[in-house]
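Below, subunit A partners subunit B and then partners subunit C, in two separate complexes.
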Partner chain A sequence: MQTAKLKRTSLYASGANAINMIQAAFYNEDCLVYDLEDSVPTSEKDSARLLVYNTVRYHRPADKYVLIRVNGIYSEYIDEDLEAAVRARPDAIRIPKVEYPEEAARICQRITEIETAAGMEVGKIEVWCNIESYLGLINAYEIATADPRIVALALGAEDYTASMKSHRTKAGAEIFYARNALLTACRHAGVEAIDAVFSDINDIEGLKEDTALTRNLGFDGKTCVHPRQIDIVNSFFTPSPKEIKYALRVLEAVEQGKLQKKGAVTLDGSMIDKPMELRARTTLAQAEAAGIKIGGDQL
Partner chain B sequence: MINAVGRELPEKIGDYIVKPYAGPQEAIEAEQPVCSRRKPSKRAAGNKLMPDLKAAIEACGLKDGMTISFHHSFREGDKIIGQVLTAIKELGIKNLRFAPSAVVNIKNPSIVDFVKDGTIDRIQASGIRGELGDAVVDGLDLSEPVILRPHGARPHAIETGALSIDVAFIGASASDDFGNCTGQTGPNACGSLGYSFIDAVSAENVVVITDNIVPYPCVPISISQMYVDYVVKVDEIGDPVKIGAGAARMTKNPRDILIAQRTADVIAASRLFKDGYSFQTGAGAISIACTNFLAEHTEKAGIQASYALGGMTANIVEMHNKGLVRTLLCSQSFDAVAAKAMADDPNIVEIDNSMYANMFNKSCSLDKLNFGVLGALEIDVDFNINILTGSSGEMMSGLGGGPDVADGADISIVTIPIIRGRIPSVVEKVFTCCTPGSSVAVVVTEAGIALNPKHKNYEMIKEDLEQAGIKTVPIEHLLKTAYSLTGVPKPVETTDKITCIVEYRDGTVIDVIRQIKRD
Partner chain C sequence: MEIKQAVMVGTLESSDIQISISPNPNKGLEIQLQSVVNAQFGDSIIATITEVLESFGIKDAVVNAADRGALDWIIRARTQAACCRATETKFDWEGEN
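Entry: the complex of A and B
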């Protein structure tokens, strides 16, 4: 299910703010999340849904991975949100506060029903699950594998720390375990892991330290709370020359395998599977996004 | 007739003979000697200090139909223009030509009221922003259209005699009783008096107005006693808060920050960005943010700019203090930090506006400028810029030095969001053409960067940006993006009445503004 589209940065644009939605398309984030949940006041839920539907259906930015975050699974808005969100045809739907695999599976099933009713290609829309509580974290692997649509889990640190009775700090020791547990679940499930936001938009050095940790732990991307964080976060997901060279070798081996009509392809004695190929493509896409010229003598 | 940017113009507008803009290589040579109305002293020695404004006005012999001038360095905090016009009105003097360097939005008292009561019947300035501008485009009853000139063209018009000043009223935050004065010290410091230098040396009569008489001699001397006929002390020359009390803050608008960052990246990618480079960034929100990013690039590159030009801000002064720019040439000071900085540092220099931008001088500082960053209200697919009128034809801003900077700089960069609210800023044809597209090199927006293939340095800029991995798009792409969000705007409908003549820096007419047709 996973795509090779970059997911280094995700930016939320409130469905209650048309200007915000228009402007969000012009920043350098890889993933643009049109939000129907927390940023939309209760009185604006209907108009936001309509606005987000029309924006994604008719004015979606061509070069971004587009998501819609719907309201909570048990909220009164979820049915109408899903009807509109699926028919808007985003790349993915982001589900907040998932705690059990059954919840994720039920939402995925509902997406299938709407796709079918609308005559859409079934299974094309991906799903991200936000993990925002200790229960969600305990069940992370089961959630990640609850349905093939699920391609990423994203850590929501504010609600998670509230559920743990922890105090949120800039250094983030209170979410260190959650980060590792989420990553472990994602890696085992073969889905991508998206890290939590760094909330202080004026602390650039703090953001850099936090994002370095994000990158070093192994996350695939990070949610940004403000556009000015995007370029900084993106810069941390620039692959090294060694990683780029390895990715090129993986893809070269895959191509050779296709030419030779081999069922299984190996590199350095190890078999190359689909996730490895996708990872190689992502590495090259990250390099390209960072302005690294691929090919020639250097790489 | 049609000028070189495709604007239809009459051959004459009243008594004004139209010289159409003929293109970038066709600047009209100025061959006549420089004019000045300045006369030898007529005053009794040692008696320049007048009891009040009326006494000074009467001593100057101001009569019906004459021309008066002011500077706009007190911005919206100006309390001089209102006091002088009130005194003139009370003296019963009528039908004056009002020729400040610019009209900012002064509301109390209203300039429009002085037009309506007949005190003023003609206006010439670089801009007439605010209530006056809106009234003019709506057909305010003046005896001739307003003439709008960019900063560099005003001194030229004065030197050719096209704008001949009878009495120049010069506000100063400190003056001695002989008229040596400055804007750099005192409670209402406005900084550079660069706009008034030409008035001081050219007008028949010069009156310095201050609320701060200092012992002789006033130091520094921005305008010398040699040119000053009278000095008047008033209670208050301005509102310090509106003059610019503190340093302008860095914008928090992420769109503006994005445009500013991209602009600084374009500059840093250029081969001209090297030790000794020069720049003018200005004072808008995007400009101030751009200056900060430019400072970062300069520091990272380990280089120093030779000079920054034009209107100064606190963050340009900060660049200077960090050693990132050697000299500041200030024709205007946009905030209190910039206003006071000149008094303490010999490398922060107050310059004549004519030295800054007058293309007919033997040289002007813009001739050496590498990078000029400009704001705009609209830009069209021919890169023509509108910096005067808004989407409904209303007067939104002044020409300032924009046309001068675009023409003078090696690389002129227009910073503009593609839409403002529901209004597109990138359009098929600007409503008012103020700066010809041929002088615009780069447009930076939140939706992409466009290069002008007709600019003299296009090949160099293109190569440098490609080398740096900075992507560009055709300007038509920006137009399409803007229109996809806003729809195509209906053209503003006008009557045949010409309300404003827009001169280019060479004194030719680049456009006119016709009266807006209202329902």
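Entry: the complex of A and C
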């Protein structure tokens, strides 16, 4: 049930702030997350819920993957958040601080109940689970496979490092294991992996280094803390013309090898193996999703 | 539905609207609007506020609206939240099915 929409960048818009919600639709993020959780003061949970509901239900941006982040699973707000979020009909609901598969399954079941009561198509709304603790990380694969609605896990580095008693650094050595463990769980489960934010909005070079690592590790996207990060992060997750050209050549060589019934195929003197073919197909799929037109029959 | 307490929802920031509701026993609805676009959209803003009040069954209330260029769905959301707080009721989500 996973959608084909790009998820390179996710930007939060506070449900407490009307102008913030309106402006967020005009940036280039792939995923817009209307937030009911951390960015909303306790005194405004009710008004934020109605603001987000009316925005997503009646005026959602057509060209974005729209999510609503609800409050915590054990908070007093979760029941009404779900009543509102499901009826708003977003692409996905983002659940914070998931630690056990049973929690994710319970929320998914509740979404089904509300969809049914509201006469909506059951199963259409997807779910992202935020993994923000060592417990969530240990159970990441089970969480990712707890329900077919779950299409992505997102790493929350601040809470994760707090749970580990680690110190957060720009270089990110303290989350290197978490990034790899989350990715491994996501790949095995067949869901997408979204990396943690880079918090310093004024450090553009630092953002580039961090995003290069994010991409090279294999993540599908990254959460942004500020609109100025969006275009930079998008650029790292969009294949360059050189990469696309090489991917096309790899697949062409593979096809030629099949026609000539060759067991081994080479390109520019190097052997092409299955992982290279897979990477080439991934590159072209990313390019296609990004709207890049590629000629030929390879796609 | 009865207004049980005076409340205020929303902000005076750009693109928002601040809605205040207070009791007005047996005196009907009195809606005061301050808006920089009053001449162009005043009637429309008041119509949206009135529609939401009526959907809550509120017949007697004083409403002060300070508009900073809010779009229709934001006016609706702010008024809904103010009505819930003023009547001390939860929003009827099943009514949105």
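To be clear about the criterion, the second predicted complex is superposed on the first by the 242 of 299 C-alpha atoms of A that agree within 3 Å, B and C clash if a C-alpha of one lies under 4 Å from a C-alpha of the other, contacts with A are read in each partner's own complex, and residues count from 1 in each chain.
Assume a contact is a pair of C-beta atoms (placed from the backbone, for glycine too) under 8 Å apart; a residue touches a chain by one contact, two chains touch by 3 or more.
All values reported here derive from a predicted model rather than from experimental measurement.
S.K.: Is A:Tyr74 touching anything from subunit B or subunit C once the two structures are fitted on A? First, second, both or neither.
M.R.: After superposing on A, A:Tyr74 lies clear of both subunit B and subunit C.
S.K.: Considering only touches as defined above, state whether A:His59 meets subunit B (first), subunit C (second), both or neither.
M.R.: both
S.K.: Does subunit C touch more residues of subunit A than subunit B does, or is it the other way round?
M.R.: C
S.K.: Tell me which partner A:Pro227 touches in the superposition: subunit B (first), subunit C (second), both or neither.
M.R.: first
S.K.: Does the superposition put A:Tyr27 against subunit B (first), subunit C (second), both, or neither?
M.R.: first
S.K.: Does the superposition put A:Gly291 against subunit B (first), subunit C (second), both, or neither?
M.R.: The answer is first: A:Gly291 touches subunit B but not subunit C.
S.K.: I'd like to know which partner A:Ile19 touches here: subunit B for first, subunit C for second, both or neither.
M.R.: Touch status of A:Ile19: both partners.
S.K.: Where on subunit A do the contacts with subunit B and the contacts with subunit C coincide?
M.R.: 19, 22, 59
S.K.: Under the definition above, what is the set of subunit A residues touching subunit C in their complex?
M.R.: 17-19, 22, 46-47, 49-51, 53-55, 57-59, 80, 83-84, 87, 117-119
S.K.: Enumerate the contact residues on subunit B facing subunit A in the complex.
M.R.: Spelled out, the residues of subunit B in touch with subunit A are 254-255, 257-258, 261, 419, 421, 446-447, 469, 484-485.
S.K.: Can you name the residues of subunit A that touch subunit B in the complex?
M.R.: On the subunit A side, the touching residues are 19, 22-23, 26-27, 59, 226-228, 231, 291.
S.K.: Going by the contact rule at the top, pick out the subunit C residues touching subunit A in the complex.
M.R.: 9-11, 13-16, 70-71, 73-74, 76-78, 80-81, 84-85, 90-91, 93-94, 96-97
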